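Here come two complexes built around chain A, the first alongside chain B, the second alongside chain C.
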Partner chain A sequence: MSTLLECKNLSKRYEKGMALSDLNLKLESGRIIGLLGPNGSGKTTLLKLINGLLVPTSGEVRILGNTPGVETKSVISYLPDQTYLSANQKVTQIIDTFADFYADFDRSRAYHMLQKLNIQPSERLKTMSKGTQEKVQLILVMSRRAKLYCLDEPIAGVDPAARDYILTTILNNYAEDATILISTHLIQDIENILDEVVVLQNGKLKLQASVEDIRMERGVSIDTMFREVFKC
Partner chain B sequence: MAWNLDSQRPIYAQIIERVQYDIVSGHYNPGDKLPSVRELACEASVNPNTMQKALSELEQSGLVYSQRTTGRFITKDTSCIRKIREELAKQQVLEMIRRMKQLGFTKEETLTLMDKIYEEATYEHTIGV
Partner chain C sequence: MLGKLIKREWTSNYKGLLLLHAGLLLLCTIGHFILAPYVHSAIANSNDVSVSSAPYMILMTAYILAIIAVSFATQLIMVFRYYRTMYGKEGYLTHTLPVTPVQILFSKGLIFFVWYVIDFAVIIVSACLLFSASPFQAELLTYVDDLAAHMGISTGFLYGFVIGYMILAIIYAISMFYCSVNIGCLFHTHKIVASIVTYFLIYIVTQILSTIILMCTSYLPNVLNASNQSSPYPPDGFKDIFGYTGILSVVLCIVFITVSGYISSRKLNLD
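Presenting the complex of A and B:
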């Protein structure tokens, strides 16, 4: 296993205070990693820093040795927490854009998944339900053959049956040497497909551990552990 | 989802139990080819690395063997399968003995009750014996 991503003393300050402070983190390739933490713990900030949407206040993040830029964007597939797609576009048009933009985009994979989830490629985004729009975005992101997938709350808005399909889709579609970083509050739904969890609290790394080790050592599920650690 | 797994216990241990059970109960026959790691991981909705780990352990125990390039197969060694079958049965009996003791039953009471319920259930066709 080789290091795919490394954060060194990574900090991000917003006007209201520190969103991430002095984060040191290493992620290996070939893993499915859950990015967990209470609201406001810094999950989305971390994903934005990895994807170059934010610039660190201090410290650095490197993906395969590179700081975020053109090269890292060609190997990272990112599902942001808010959509950036134009609601007026048809799915086919968005697919064309993605295929144009990303050399690693696999059209046939995208159309196959759309068909599986009964989504008409000729439909416009704005005529779809919120859940269906989210499915389309996830399909686009998972149709790239990337080295790192950053998924910010990918299953929050979709029904449980579609959630199952999406998780299977994730399992089916990532290459063995790719890593998937998933931020979510729906721990129960995804914990069985994870290798490890990265838990943030107040912008700091609270825990990075293998999920099987947590189950073995503590005898609890990841969901239960989270509820115990962050009990209000 | 497809496999009923308990997130409180290590998943790989539960996969091992499940595959052992599938072999012993005849869902897989000796010499059958197992689906690929990826297929099994999808079927069970578990992490492929976890599935890989479980299958490697099954291989070490001799219940499963792998052939380079063609995949993994269930052992043809029926004595090995019998051994696992006995081991699984023993675990079930031990668990029952433990619970009966908690309820305050002696060995004789337990055996008498077992005999009685077995007969009744057979008569009423409530168990498949």
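Presenting the complex of A and C:
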């Protein structure tokens, strides 16, 4: 396993305060990593910094040795925490866009997943429910053969039945040398697929450990540990 | 990748804009049959505008307003699309595509430019339809020949100069629009209002700069003197002022584009 992502003294300040503060973090390839933390802990900010959607206040983030740019964007597949595709477009048109720009996009995989979830490719996004739109976005993101998948709340808006399919999809659709970084509050739903967790609190790294170590050392599940640590 | 970006930019809203311009051309064609006889008659008898021509005048006003509205709508659609795809939710896709910020700006600017040219072309066609076969058309062409001779240049050069100046004016307008949006979106809230305010501030500053240039050249005194004369040609210094404002426009275009490139690559914050 090699270092896929590295944050060095990474900080991001918003008007209201620090979202990330002096974060040092290394992620290796071939892992499924849960990015956990309470609201406002800096999870979404970190994912945006990795994807070049925010400029760091100080420090740096490197993906395979490169700062966010053309090279990193061609190997990172990012799912934001909101619907971000043009609602007027048909699913087929969006697939064409992805296939045009991302060399690692697998069109047949996308159509196969759409069929499995009973989503009509000829439909426009605006005619779909919010949950279905989120499924479409996840399908597009997981249809890439990326090195790093950044998924921000991928299962928050979908029904429990679809969650199982989505998690199976995530498991079945990533290469062994790829890493998946999943930010979520629904820890119980995903902890069975995680190799490692990164826990943020107030923009700082609270914990980075393998799931197995946490279970062995603390004798509790990740969900229980999270509830104990962040008990209000 | 640039070609793909240009294709994506064009296909995103060409249908609506083509429909809008096709509608305007249809209106112009209808206007040609209804209004052209009136225009010809009004030009031929400039002192004889009867009361019965009032409906024609209303139609003519509506016709001109329609042309302005389509042109304004095109600009509004393109600027709003820029905002939406750069700083709105769609910005998440735009800025995660494996392309450079310069490529994104260029593709958007190019398609905006194409729509500006289409706009100009439609306006010129509509004017031609209105004035076709009227004595005014022949008079205008003769005037252009005389003006070129008066300025000591060939007619072809004058046409080339006007087209070149129009291209510069379009690039200037687009780069100013984009620069205003980019600066406006540096604000954390009320980004659209901030963009509009920025646009007007830039406009005021550039107008002040242009006025200073006018004051520094011989053009303004010549204009004041010429107001007492009945010459059909622009006063002396006309060429100079185009030269000075042309240079100013090029410099400002470079500034606007540099600022836009800097903000979209170094100051991007999709919060």
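The rule is short, and it goes like this: the second predicted complex is superposed on the first by the 232 of 232 C-alpha atoms of A that agree within 3 Å, B and C clash if a C-alpha of one lies under 4 Å from a C-alpha of the other, contacts with A are read in each partner's own complex, and residues count from 1 in each chain.
By our rule, contacts are C-beta pairs under 8 Å (C-beta built on N, C-alpha and C of every residue); 3 or more make two chains touch, one makes a residue touch a chain.
This structure is a prediction, so every number in the text was calculated from the model and none was measured.
Residue contacts after overlaying the shared chain place A:Asn172 against chain B, while chain C stays out of touching range. Of the two partner chains placed by the overlay, only chain B lies in contact with A:Gln188; chain C stays clear of it. Contact with chain B, but none with chain C, is seen for A:Met216 once the two complexes are overlaid on the shared chain. Within the complex, the chain A residues that touch chain B are 30-32, 164, 167-168, 171-172, 176, 188, 191-195, 211-212, 215-216, 219-224.
Touching chain A in their complex are the following residues of chain C: 1, 4, 7-8, 12, 89-93, 95-100, 188, 266-271. Residues 1, 5-12, 38, 41-42, 44-50 of chain B are the ones that touch chain A when the two sit in their complex.
Those residues of chain A that touch chain C in the complex are listed here as 14-15, 48, 51-55, 69-71, 73-74, 76, 78, 80, 82-86, 97, 100-102.
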